[in-house]
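In the two complexes below, subunit A is the common chain; its partner is subunit B in one and subunit C in the other.
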Partner chain A sequence: MLQATSLSVRLPAGEALRGVDLSLAPGERVGVVGESGSGKSMLGLALMGMTPASARLSGRLTLDGRDMTRARERDWRALRARRIAMIFQEPMAALNPLRRVGTTVMEPLRVRLGLTRAEAGARALALFNEVGLPDPADRLRQYPHELSGGQRQRALIALALACDPAILVADEPTTALDAEVAARIVDLLVRLSRDRGMALVFISHDLAAVARATERLVVLYGGDVVERGEVGAVLADPRHPYTRGLIAARPRPAPRAPGAPRPRLAAIPGSVPPLADLPAGCRFAGRCPVERPECAARRPAPRPTPHGLAACHLLEEGAP
Partner chain B sequence: MLLFLLRRTVGFLATLLAISVIVFAVMNLLPGDPALTVLGIDSTEDARAALRAQMGLDRPAAERFLAWIGGALVGDFGTSWSFGVPVAGLIAERLPLTLSLAASGMVVTLVVALALGMAAAANHRRPGDWAMMLLSQLGIAVPAFWLAILLVLLFAVTLRWLPPGGFPGWGEPAAAASSLILPTISLALVQSAVLARVTRSAALEAMRLDFVRTARATGLSPARILWRHVLPNALAPIVTIVGMQFAGVVTGAIVIENVFYLPGLGRLIFQSIANRDLITVQALVLMFAAIVVAANFLVDVAYVLIDPRLKARAT
Partner chain C sequence: MSADRSAPLLEAQGLRRVYRLPRRALFAAAPRHVALAGADFALHPGETLGVVGESGSGKSTLARLCMGFERPDAGVVRLFGQDLSRLSRGALAALRPRFQMVFQDPWGSLDPRRRVGWSVAEPLLAQGVDRAGRRRRVDEALRQVGLAPADAARWPHEFSGGQRQRLAIARAIVTRPALLVADEPVSALDVSVQAQVLNLLMDLQEELGLAMLFISHDLAVVGAVCDRLLVMRRGEVVESGPAARVLSAPETPYAAALLRAAL
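Let's turn to the complex of A and B:
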């Protein structure tokens, strides 16, 4: 259904994505993880044809068998919401504050699908029901500032579902929410994906949310896919040093004696360098704990792991 | 909302009262003897004293103020010293022209500014945007009265399409409208240049907001996103400037009416000042101030109508 082959996105500042492969079958749920600046949001935007005007795409991106790599805005517009939809990180900012949320959700129904006001209203009500908004009829008449964070995200999900998309891209949908609300949103996305047979691309830096939401995992770093595979297996047995670092950096409740100092969170030293300063070889060079001299200069090819692929020189044949 | 309107109305009336005090005080501090102006320097002191008594000028200032403001409340602004007829009648005769000129100037300003400003924002950093910025820079730099003279030279003297000035009266609507075209353009050009720039920057600001990305992801057309999502969110600064510009247009009408010989309030205030007809000037200044304060009152109400978040706080 969706196929990205060696997809690269070049911005004036540097390469935001380098040769990313990603395929999505109907109903499939894929997680995309990485730090800020790893290129995961750029990947989401690329799937929507919404990369910045200054971005240059290369490689190949097909949707329903159609090559969209060099598609014009007009062609993308026809697909958005109807074939592929997206929800964003900040549910407050992502809703027009001057409109009732019902008006916002009805807009694509009326403009894209040509429904009458009454039909669109009934459909919006059904959508609000489907995403689990309490008292949906009242919610439709409210403004974004009158809803809670979780309710706003549910309204945005209803908006994304309005035209029955085959694919939903969720870019950090839970980051701005409380942990408990976030978990319920994750469960909602999984349920919707199952009920509707809708593919889900779940972009997050929250490994727990990704493990809960998805079946397959793609780990991005500096615009490269560094590891991929079945989500549980990759998290249980990461093969790329970056994936290991991400997992170690995850906050976990641990038993500790009363008065004992809180254990420091393990962190990957440094942060993702700016695009222009990324090493030409392995993007992780410079921060990698097991780096070897050739890493910064030579790009590692993806190697099979027991549960997928990982791109690290240490996995190459003959490596210790 | 009702409480908000009530509070704003009280504020509006209090402002008007304060203005009337200031206007009255300033007018009465001005040097010069109105009786001398009316009767001329050859008049006798007795005659001038009699006239002052007749005008009520021999009574204390506070008493005169109360009489004036009490009359103004029921639409009686006294009798003009130079025209010899009630000031209220003079104003009522000329107000429609000035308001028509101000309204048409404001409408043209809004249409031109929104079209150009939004088009420039949509074409940000492309030739269309640069052209608008250059044009508006020119528009701001040109003084309205000078533009008015150029327009008269071109459209009235050379091309003879429109009358160079004067007003045929409302009895001939077509002729009346055509005599307002050049004054309207002269008034609107500078204002629309300013407002177009404000619109452009407010729209650019609003375009950066996240919900614009959501709208795009929903597959809405760029025009729809621009007018239905970006513009409403850009309206607050636009409305603020429009309120200030309305004051500018009304006072600008004073100059433009004199260039085009239009018998409006601007022409009247000009004549009254020349004739030292202080009682008329006093009423007119109050009138202009009231129009400006009313425009600001409407701006305050408009904010709340635009933004539901303010409505919640306004009650």
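Let's turn to the complex of A and C:
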């Protein structure tokens, strides 16, 4: 249904995505994990045809078999909302504060689907019901500031679902929310994907949220896919040094015996470099604990692992 | 824990803070928001006390009261045995070097138009430390947070997010405080850098014997760095105890629900 083949996005500052492969079948749920600067949001924008004007795309992106790599805004507009829709991290920014949320949700229904006011109202009510907003009829008449963070995110999901998209791209949909609310939003997205047979691209820096939301995992670092595979298997047995580092660095409860020093966390040294300073070879070079002299200059090819693929020179020798 | 037998460094009793919200109608009473509805706790020297709860639970209000940025509507904050609300402005300023704060956003602690050495040294100005002394203490603080003395001459924007948080921590420890209040100090950092900053805080705590009030919504983070936990909900402490116990066998349904939700 959606296929990115060796998709690259070049910005004036550097290459934000370098040869990303991604395919989505109907109803499939894929997680994209990465830190800031990994290119995960750029991937989401590329899938929506919303990359900045200064960006240059190469490779190939097809949607329903149509090549969208060089598609014009007009072509994208015909597909957005109906075939592929997106939700963002900050729901307040995506809702017009001066309009009732019902009006915002009804707009695509009236403009895109040509429904009458009454039809659109009934449809919006059904959508609010579907995303689990309490007292949906009252919610429709409220303004964004009258809703809680979780309710706003639900309203935005309803808006994204308005035209029955086949694919939903969720970019950090839970980051601004409390843990309990975030877990419920994740569960909602999974339920909607199952009920509607809608594919889900769940973009997050949070491994735990991705594990809960998706079936397949794509780990991005510096614009490269460094590892991919079935989500549970990759998290249980990561093969790329970056994936391993990310999982090991997660804080965990560490009881301290009286007077004893507290165990330290397994930090990854350094930080994600800015786009312009990324190494030409393996992007993780400079921070990698098992780095070889050739790593910074030579780009590793993806190699099969027991549960997918990983791009690391050491895998080529069958080392880790 | 041996620390428990010593006198508390920071102690709160019946802390209450009510904010008045904007009036909705001319003759209606202004609605109130009870941010803290009576919180009690004690923090001993060298100990890390974690405060967890969702947004709106009152944890940041608690931090502001403990820092003396605001006064409670009822209750007492006792720091080094002194009631913060009874201290004069001058007395509070004199005490300030001994308790410092680290915020979620390090930009709040760094002046973008000044070299970072100036921002790190600023808390020493109020103390009247001379130029050479400031220089020495800034060098020392930068080394303690894993940066180099030469970094003092650079500008805040030249640093990464994790390094800026290190600078904010350097500024907080430059006065050699006994207490650090950290409000979501790693929430804005990337996962790979978060662990570095948490390790740094643990290093500093052991080296300097710091006590820490560590506020976070992230149970995994508080579990990794805290000795004891306070679980807050709607302005009240609903559960408290050793971190390992609260995280493995919560006694209240709310703490259990928080744990289940921690993905």
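Convention: the second predicted complex is superposed on the first by the 303 of 320 C-alpha atoms of A that agree within 3 Å, B and C clash if a C-alpha of one lies under 4 Å from a C-alpha of the other, contacts with A are read in each partner's own complex, and residues count from 1 in each chain.
Operating definition for what follows: contacts are C-beta pairs under 8 Å (C-beta built on N, C-alpha and C of every residue); 3 or more make two chains touch, one makes a residue touch a chain.
Note that the structure is a prediction, hence the values are computed from the model and not measured.
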After the superposition on A, what does A:Asp206 contact: first (subunit B), second (subunit C), both or neither?
second
Which partner, subunit B or subunit C, touches more subunit A residues:
C
Considering only touches as defined above, state whether A:Glu119 meets subunit B (first), subunit C (second), both or neither.
neither
Check the residue A:Met50 against both partner chains and state whether it touches subunit B (first), subunit C (second), both, or neither.
first
Please work out whether A:Pro251 is in contact with subunit B alone, subunit C alone, both, or neither, and reply first, second, both or neither.
second
State whether A:Glu215 touches subunit B only (first), subunit C only (second), both chains, or neither.
neither
Check whether A:Leu159 is in contact with subunit B, with subunit C, with both or with neither, and answer first, second, both or neither.
first
Considering only the touch criterion stated at the top, classify A:Ser271 as touching first (subunit B), second (subunit C), both, or neither.
second
For subunit C, which residues count as touching subunit A in their complex?
1-2, 54-55, 160-163, 190-196, 198-199, 202-203, 206, 217-221, 223-225, 227, 242-244, 247-248, 257-258, 260-263
Looking at the complex, which residues from subunit A come into contact with subunit B?
48, 50, 73, 77-82, 85-86, 88, 90, 93-98, 107-108, 111-112, 143, 145-146, 156, 159-160, 162-163
So in the complex, the part of subunit B that touches subunit A is made up of which residues?
209-211, 213-222, 224, 228-229, 232-233, 306-309, 312
For subunit A, which residues count as touching subunit C in their complex?
35-36, 149, 178-183, 186, 205-209, 211-212, 245-246, 249-256, 258-259, 261-262, 264-269, 271-272, 287
